[in-house]
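Labels for the chains are A, B, C and D, by order of writing; each one numbers its residues from 1.
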Amino acid sequence: MANGILLIECADQQGIVSSVTDFIYTNKGNIVELDQYLDHENGHFFMRIEWALDDFTIEKEKIGEYFNTLLAKRFDIRYNLYFNDEEPRMALFVTKLSHCLIDLLGRWYNGSLHVKIPVVISNHEYLRDIVEKFGLKFYHIPITKENKAEQEQKHLEILEENKIDFVVLARYMQIIGEGLIKSYESRIINIHHSFLPAFVGAKPYHAAYARGVKIIGATAHYVTEELDAGPIIEQEVSRVSHHNTINDLVQMGQDVEKITLAKAVKKHVLRKTLVVGNKTIIFN
Amino acid sequence: MANGILLIECADQQGIVSSVTDFIYTNKGNIVELDQYLDHENGHFFMRIEWALDDFTIEKEKIGEYFNTLLAKRFDIRYNLYFNDEEPRMALFVTKLSHCLIDLLGRWYNGSLHVKIPVVISNHEYLRDIVEKFGLKFYHIPITKENKAEQEQKHLEILEENKIDFVVLARYMQIIGEGLIKSYESRIINIHHSFLPAFVGAKPYHAAYARGVKIIGATAHYVTEELDAGPIIEQEVSRVSHHNTINDLVQMGQDVEKITLAKAVKKHVLRKTLVVGNKTIIFN
Amino acid sequence: MANGILLIECADQQGIVSSVTDFIYTNKGNIVELDQYLDHENGHFFMRIEWALDDFTIEKEKIGEYFNTLLAKRFDIRYNLYFNDEEPRMALFVTKLSHCLIDLLGRWYNGSLHVKIPVVISNHEYLRDIVEKFGLKFYHIPITKENKAEQEQKHLEILEENKIDFVVLARYMQIIGEGLIKSYESRIINIHHSFLPAFVGAKPYHAAYARGVKIIGATAHYVTEELDAGPIIEQEVSRVSHHNTINDLVQMGQDVEKITLAKAVKKHVLRKTLVVGNKTIIFN
Amino acid sequence: MANGILLIECADQQGIVSSVTDFIYTNKGNIVELDQYLDHENGHFFMRIEWALDDFTIEKEKIGEYFNTLLAKRFDIRYNLYFNDEEPRMALFVTKLSHCLIDLLGRWYNGSLHVKIPVVISNHEYLRDIVEKFGLKFYHIPITKENKAEQEQKHLEILEENKIDFVVLARYMQIIGEGLIKSYESRIINIHHSFLPAFVGAKPYHAAYARGVKIIGATAHYVTEELDAGPIIEQEVSRVSHHNTINDLVQMGQDVEKITLAKAVKKHVLRKTLVVGNKTIIFN
């Protein structure tokens, strides 16, 4: 049977852990994973708790209501409740580069990503073939300076029609509009091809090459209105040398990008990420 | 135009580098990359030289003959000559796990692997669908204790028919027979899902979990008759913790496996590997 | 003021986390860090809790008694209670190599290691000078086949006289006797100069060189009677290439060894390690 | 006996490698290591060659003259000639933090750094004790806004008196003046406690914490007039999590800093670094 997952956030105060774990135990839930984090600086408390529903005495549909009534109000908790048998619906945005796309499609294909992919959206036709090979819907929404606002409206409609839960920018080479960012706050994951905050913006490998760094990296982050400045979910690096050309960096970087993005997506899907201000808490 | 690539091996002696580079320069070749290695212990010299053929005055078909006559005989050099516009023909062997397969197919699909894949061979039907999605030939050659010798003969026939240059075992869960190993010496690449020489043999993640290691790894190596003991081409690692179950190790390990294997395959394809005894030299 | 630290281990059962955190909160303790781990496979529960004693209403000397009476008996908890203002007393065993020794002495000197070092013991005189430069006691206890048992008795006496809490083998090139191992179970930390379980025993860099690995490593572990087979605390790795001689591996390995050992010692000192069977739990 | 080392730089042209290796061989030198790099973009050629002088027929004092006459003029080569039995004279600049200092002193003490350390200079008294424990000269040169220019003059005098070859800023918390930078171009190594170009300037760990990065780093670079912008020699990184406080980052960072700095210093000492524009070539 399924597991329930609660992501919890509140002011630090006595009795929260006890009360939440008691809520699970008393109702015959079997705790599978519990991880909490106390931000001393700001007096904030965060917790992720996952428990098996097999013998849980509160029926699935009522858990939210009960938790809200019995605990959330009492401790002034902000929370999200998920069930791990309900696969989130992910939309992919791509442009021309296929490495992140195929990596995610591969994970989806072999069942290790635990998502549905109702739609892939691109501003170009390049990747239609590979997307359709995998039996997925592909929308070509070309973007020009003139039609940008209008096409972003179309994005939003497609996402809504397809009941999309979160969006992954798998090397989508367009800046995302405010409307989409607001509608999907902390639910748009971008992969930036540098070790942020170094090399914000376009052509980071060219900049890395010019600076003569000995290590390159990639950063998966939630998208906010400021470019490449959103909360970081995951970062990975790779060693380079003076032998490597810009093209080498681009090639080597693709491996780092796709792994970093996939790790971030997986953490998001498993509900192991929590955004606090401009940072993330990543649970075990 | 194409580049020529020479992989050279001989006893260390005066004048080799000079003579080889002179051979290229005198005939108007433009050296693109030169890397050499001197094994002091054994007095052996190794070199990889790659040069542009654009203005090279010896015609492509004659380069081997000239090099052999003018240099190989003189210095008693063992060498291989390649051209980077001739994509090597790679056969993939797989069983049920798709992560290494899809990763390599993705790289082939976007043109970054520089190989042809005339055939994918499997002892199961599981991966036929994904292979055929990519438009490649899939052979199902089931293996039992009884038919093993016979089926290995079939393998060899298929490889021969398809003029296969090298074989990649992309998580192929069968031990390779002597015949194939001998026919494709230093041309069969296996990915082993541990940091060799730790955890040779079956179920390395189970063994790693039982030992309580803090880092797992993967090893790409050329296949020799002794199991998991061939020359290592590439190794990568990933940090784990006591929180991780065996299943976590298996999942996390898949990322390490596929990247390690792809790096090894790429080095092989670029003719940057040389086997010496039970080790490899990996050129820049 | 000081913090109290409880390391807790018991069968998984309802109400443990609640009861322990309540014990702290009710008595006006301020929880600074809480990390727990549930071993589903074996139904075991582990927790580390650290809290500020500033306003704690139970006096320091009585905490153990109260915890034992009110909680340990009730839940059948095995526990250890520590206070972070009581620096553990560490004995160092060394032979000839100074890199791990000086690294630990440096950390002790600048106050970042939080230990006392009442004594350094060696089977050679080589490192007396550097140890005495740092103002520490140095015992030269030479070991021969004939005097081994007797000298190990002397070790135990010195450790006892100096009220040693734990022992660090900082590249001590002798096998530790049963007596010492039994007296200091899970309290002797060794640094082995390989990525265990690869290359157990003597001369691991020679073995790594012979095998042609592309990555070397070091392993800090608690010493048990089976050589190099005790619970692993920390592992680190470093990339090598065919250019590296055995001597290069030895040199590069020294950096990995000293950092790995220091990390393990620090975790031990902060009471963040718990040995379970032949594995460790490492708390945040 | 000693080895000779030549670092060579010139426009790419036919016959350089041959001519240089012939120069060594013809005069009965035994090449120990040869590494070259061709910068295609700019048509520049770089080489490091190291050879044993045992049977070399040109006497040590004359090698420079002969090389200059026979080769440097012919190919318009810029070169430096070193001998590995002549330990370079290193000055250390420190402030209050001891981790990089003790790490370098430890390496010097056990003979693995191959330098002389005639002098340690500090703007504070804090580290006098540890420096003098190691038997080295310690100069306290306090810096204020008023005396800065004057004290920098004193620095230069001390360096000159002590015939210093290169300077290492081992967490020296003062900006280096123009005079010193000009006198020691490409010969002042600084360790910056971030993964440059991220977090230039003061308090990088605070900035990294505020940005919520998942990986921190350190960068060893040659000092140029622009702050933290000189040619990078070495970079290393370390993974962090939301559990880590600023103080944790500072502590964890110290391990990365000292290892990165030591690696850079070692490469400099072995004459394996070459500055080209604002980048470095790091030879094998």
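Everything that follows uses one rule, which is that a contact is a pair of C-beta atoms (placed from the backbone, for glycine too) under 8 Å apart; a residue touches a chain by one contact, two chains touch by 3 or more.
If you're wondering where the values come from, they're calculated on a predicted model, not measured in any experiment.
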Can you list every chain that touches subunit B and also touches subunit C?
A, D
If I average the CA coordinates per chain, which chain comes out farthest from subunit D?
A
Option in B-C, A-D or A-B whose residue-number contact pairs overlap C-D by over half:
A-B
If you average the CA atoms of subunit B and of subunit D, how far apart do the two points sit, in angstrom?
37
Rounded Å distance, subunit A centre to subunit D centre (Cα mean):
42
Considering subunit B alone, which of its residues make contact with at least two other chains?
241, 243
Complex contact set, residues of subunit B against subunit A
97-99, 102-103, 105-107, 109-110, 112, 130, 133-134, 241, 243, 251, 254-255, 259, 262-263, 284
Once bound in the complex, which stretches of subunit A touch subunit D?
37, 195-199, 211-215, 217, 231-237, 241-243, 245, 278-282
Counting only contacts in the complex, subunit B reaches subunit D at residues 14-15, 17-19, 21-22, 25, 31-34, 36, 38, 40, 239
